[in-house]
């Protein structure tokens, strides 16, 4: 199994600060841009070829969501950034995928980075960086590659479900972040299942030598999830307490709801962490128990047959005068003695609960 | 043994925020509504068919306690909520049973969520969510299913025992929370008993391979109890320090009493946690001790009989000229030598304290 | 050995708050009341039959110490409490022996609960609750049963040793608490001795299977002592910082001295705790070392004699043509070979340091 | 392998405070001094023989970077310090290489100490102390020996890449620190590789007895890196929050960037630390697994052949009357019995999954 | 080896507060008093018989250092204390050697207690209490016994080296504390050496059964050092931040230097602590590795020779008709078979890397 490194190679060492360099591994991603422009009354959804097509929405009163997939297309990102007057350092952070979840308040807009978590087809956890820029009446979102957890949001926008169409860009941002955080629940559900599968396997003794490797892998997964989720609590908590005019008072209640979810997820992660540490203990005891069992078999076999073999050896000696050898029934008597010894031994081990 | 997952399946992923969806597993619970309406002078107890029957109590001066069991009946909860002007997000939290204990101050009323803990018939711990809404002269309580720890409270209301009938709704809330917290004591008492039973079993060597699984289960129970109780301390502490006009100054002393109880319970939980971690250590040493014992039996048997068998083997050789074979008493002398060896070995092992 | 539970059965579940119920196990204690009434000039010591006899001291200028033993006599405590105008909740705490050390400031008096620790005759640690009520010119003290650590204090009062007779009730309280805290030193001294005895026993290999049980018991003792002492630091620190007019500025220096003692004791407890955790490690290594030794004996015996037995077996075969069997000195040559092998093996194990 | 002590011998014990004594081990380093003097328009780079040649730059408006390698040349450092009016205690800290990363604000200049980390040719981590003194228009830097991570910076200065030439000395300091912090990433990358190599080796069972020594060495490396990096976070955070007029508001954003990098590196270090602790656990289980395997081979061999040998021993006895011996096919029947026993045993061990 | 208790027997239990009782074990120490009285111009050094001889220095302008060794001479200490108007509680602390490092500000003087650490001839760490009283122009120091780390200070005083003669008593105190703290470095250097010696010994497998005892002793030493040094950081930090007029602003920089040293030492101690915990792990793995090796030898010997012995046993049977026995070369063929088996086994174990 090829191992994924938990760090990203720092391609930027020695680079001039402020230069836009995509640091991820998906350098051949196709560019995918979509826009939703809506008010309570209408909602226009488009798929764009180049980012320039989205520039018309900037000065409208409607709320605009521009979603760009493919961080390798740095020129497009730069163009969009320049159009919306985004600071170069922010754009640098957008394409540098080794960011921790964080929030930067740039007066005209908020910059939020977080991690989307999901399991890929090989059941490896994938952490994809998603950046949001929240402006007065727009939300820009940047993803590494196509495919995300926002389909329910798109659906609500299209069909005006819930309140999303009636509220402003701050509520749209909430809905998007909420979709990501909701998805964390399915991730930790899978983590929980994995832990229980290990538990069941260890208790059933159904373990091969690879289990400790798998447990180590699971530990690493949990560390990865922790790193994505724990700093996000701080981010959301800062939105809550933020006096930014970009977030309406009413919407803050919803962000508090996300915060509650994150606390809930975090608690579960810490529980899993504790449980996985004790899994290792369990595994050790299961190994020791097995060895105990092996030793018992050996001890029982040896303790029973070595003395019997000794007795047989005695009467295999060639001394000229061994009186027992002449008795006619000596052989059968000896068998009797041996059987008694054998049964006595069995009783002894039975009483010791080794059998 | 079927394992209970420690998370609840998040049925709400992708749902519109604010929608009332019961997230628990008891979706077929019968609706059970009871009301207590009392002043110092009288106390009227009723069992209702529909929530509408309780609406008459809203504008009276008497204190009203409406207790609703069956969170799956979201329509009834919504009706009650609307009648008392409760925010939809609060109602959403009432029916979403994966809440952490928390308190929300909504000016006109306080919303408090906590967990009722008890052991079911299979000795599995059950954590049932109970929500309280405390208003000026009413307390609304919501439980997942019928059956609770409030019987003593009902009795006191009916027979005007203690001060509950003479005081306001804030004291009623105290009495109800106190009943739940009092019950925590019996839960941790059972936890304590379980830990001691394990200890006794491990020390007596009376353990089967399942003990590590049981210890893991116990760890999980303790984590569950921790999760229910620890955030509650924060909740009660916020009531204490709260300037809410709904809580009288005099009643705060009583809440401080609950707080003391919770600290007491928390300390015990942490002690149990530490003890259960060291239980695992004990178990490991007991396994090692057992293996030691097994090894000693093997070593003693082998060390005694292998050399003797060797000697017997010597005189079983067919060399034409082995002088000893001709001596008449050689066989008996050899027996003597062997018995001396045997006893010598026993002494050796005795001195090594292996016997 | 009968095990003591670390929790007290919560007899109060479902009881009305404010009711005086003794929760301890010593329900048959004899009532014992003594009073010391003193000024610089005189000191009157009395032993009373009923609490009413003490009521005369209330309105005098002299300092009065009323010491009541036997918390099961709730009526006497209630009478005393009413006479001195003590709040019912305070009296409830006096007789509820599962209190954590705490201080409550009730303006007219301070209420302080702490734990007296000592070892009983079976070398089990006993934690007895002592409550103090400090008023303007009186100290009330409540103990579960007769017998305490205050004899030196009584002596000083009687013979006007030190400054106790020249100062007020706040200094008396200091002297009493100091006596209790001083006694903690002998408790941790015994704990220290026990730990060292275990160390010595483990290092000497002089351990039986019960040692891990005893270590677990010791852990529990340390947890018990911790629970008694750690919250007391907070209590004393609050007296120090307290602006209560009941404590003179000058006396505060003395309380700071107690605080220093408590820090000292706490540090020792934490050190013991760390040491006892590593004791378990030591025990594990000692078990492993023993097993190693057992295995070596087995391996040496088996490795030496199994090959030799094989050789003997060879010449015990009945093939018609085994040339060696005919040589006259073959038997002696074989003995030589075997002895060489034997010595070679010994050398080999010697070089491996297994002998 | 020669072990490096993690402390430096404190040559200074008993010395008069304020005396300049180099405490490192590279006491024969050649002196190397270089200067960069630049404005937006020009950049003059020089290599000096003595520090006096650099004195001309003090009172110019251009930014001057004086980089001195060879802390053993205390006289040169003292001369430079006196010329720039640096406090003797600061100079003492410059040459005392056992400093923790720290920042001291001396109004006219900031003094910053940090550690440059790199792997030497033997793959041992080297921690070299670098001190910076930031003045109004100069940066003094002091290194233990020639060779550093500043080549990219020099290049940017020479060719006016990026913004370094257009900004002041505070930006130059940022660029220099950034170069050092960037290099931390390659250090932790190597650490991560080492950990994974150990994991792979342990999982592959490809471990020799030295692995635990190597793990211990790795732990020490991580501790060393931790000690260099963790206090630096505090240093940078203090620059950020600093109101020092030497740091422009605009440059602070860049320092925040360094801070983010340091948090990132710190998190990785803590993850590595956790992983290396669990590596030890893995190693233990792998040892136990191996022992289990060894025991199984022994048990299978012994359990199969000891009973068979016993049977052979039976018919090697010399009793005069053993009926079986006379049957013609007895020998072959016995072989059959033995083979059946042998196969039965194999099945038994197969079913137990020992084979 | 006699074990030193880590607590001191509390001789003071039940004593009247404020009484001067020496609590240490060196009750037969000789009294040794020396005085240094100096200004920039002169320095008078004397050795006194009784403390009264030092009283002449009190009202001079010169700085006086009175150093008293032998805390058992409580009368001399009391006399000195009374002469300099020191509070009785301070004197009590001077002779009670179980103090934690602390500082008390008594307006006219500062009282500082700390611990001098050194290794005695048996390589046991010794912690000796040193108390300082810093007045306007005097420093009083109290040590348990003669012999200290102040020789370099005395030398500097005598020969007016450094700045000590030109500055006031606060600088003298700094120099004295600095001498003690400097000595901590050699203590932790020895600790570091010990840990490395253990590591080397464990890795070389050169361990006897006593190593775990020695590691436990080392843990205790580290705890002792921790207890002496960690609270001292707080003490020095309070001097730094202290607004006491007894400490000049200029001198505070020097105290900050001590603080830096203490942080440095503390970090090393924590590293040692972590390393010693993992030493125990290493030791466990080394034991397990050894057992593995023992088991392999046993398994190889048994697996090879038990089957061979079985074969020999077969042809030692006395059946009348065993065809092989009659073939002339059967014996040699059997030898061939056995040798093939033997070599096959060796190959098998070789391939399993057990050889």
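The letters A, B, C, D and E name the chains in turn, as written, and every chain counts its residues from 1.
Everything below uses one rule, namely that a contact is a pair of C-beta atoms (placed from the backbone, for glycine too) under 8 Å apart; a residue touches a chain by one contact, two chains touch by 3 or more.
As the structure is a prediction and not an experimental result, all values here were calculated from the model.
Undergrad: In this assembly, which chains make contact with chain A and also with chain C?
TA: B
Undergrad: Any chains in contact with both chain C and chain D?
TA: Chains touching both chain C and chain D: E.
Undergrad: In terms of touching chains, how many steps apart are chain A and chain D, taking the shortest path?
TA: Each step joins two touching chains, and the minimum needed here is 1.
Undergrad: So if I superpose chain C on chain E by CA, what angle comes out, to the nearest 5°?
TA: Angle of the fitting rotation, chain C to chain E: 70 degrees.
Undergrad: Chain B to chain E: how many Å between their CA centres?
TA: Taking the average C-alpha coordinate of chain B and of chain E, the gap between them is 44 Å.
Undergrad: Find the geometric centre of each of chain D and chain E from their Cα atoms only, then give the gap between the two centres in Å, rounded to an integer.
TA: 27
Undergrad: What residues in chain E touch two or more of the other chains?
TA: Each of 284, 288, 291, 295, 298, 302, 306, 309, 313, 316-318, 322 in chain E touches at least two other chains.
Undergrad: Could you give the sequence of chains met when travelling the ring from chain B by way of chain C?
TA: B, C, E, D, A
Undergrad: So in the complex, the part of chain C that touches chain B is made up of which residues?
TA: Against chain B, the touching part of chain C is residues 3, 5-7, 9-10, 12-14, 16-18, 89, 98-100, 102, 209-210, 212-213, 216, 219-220, 223, 227, 280, 283-284, 287-288, 290-291, 294-295, 297-298, 301-302, 305-306, 308-309, 312-313, 315-318, 322, 324-326, 328-331, 334.
Undergrad: Flag every residue of chain B that touches chain C in the complex, lowest number first.
TA: Contact set of chain B toward chain C: 152, 156, 161-163, 175, 178-179, 182-183, 185-186, 188-189, 192, 196, 199-200, 203, 205, 253-254, 257, 260, 263-264, 267-268, 271, 274-275, 278, 281-282, 284-286, 288-289, 291-292, 295-296, 298-299, 302-303, 306-307, 309-310, 313-314, 316-323, 354.
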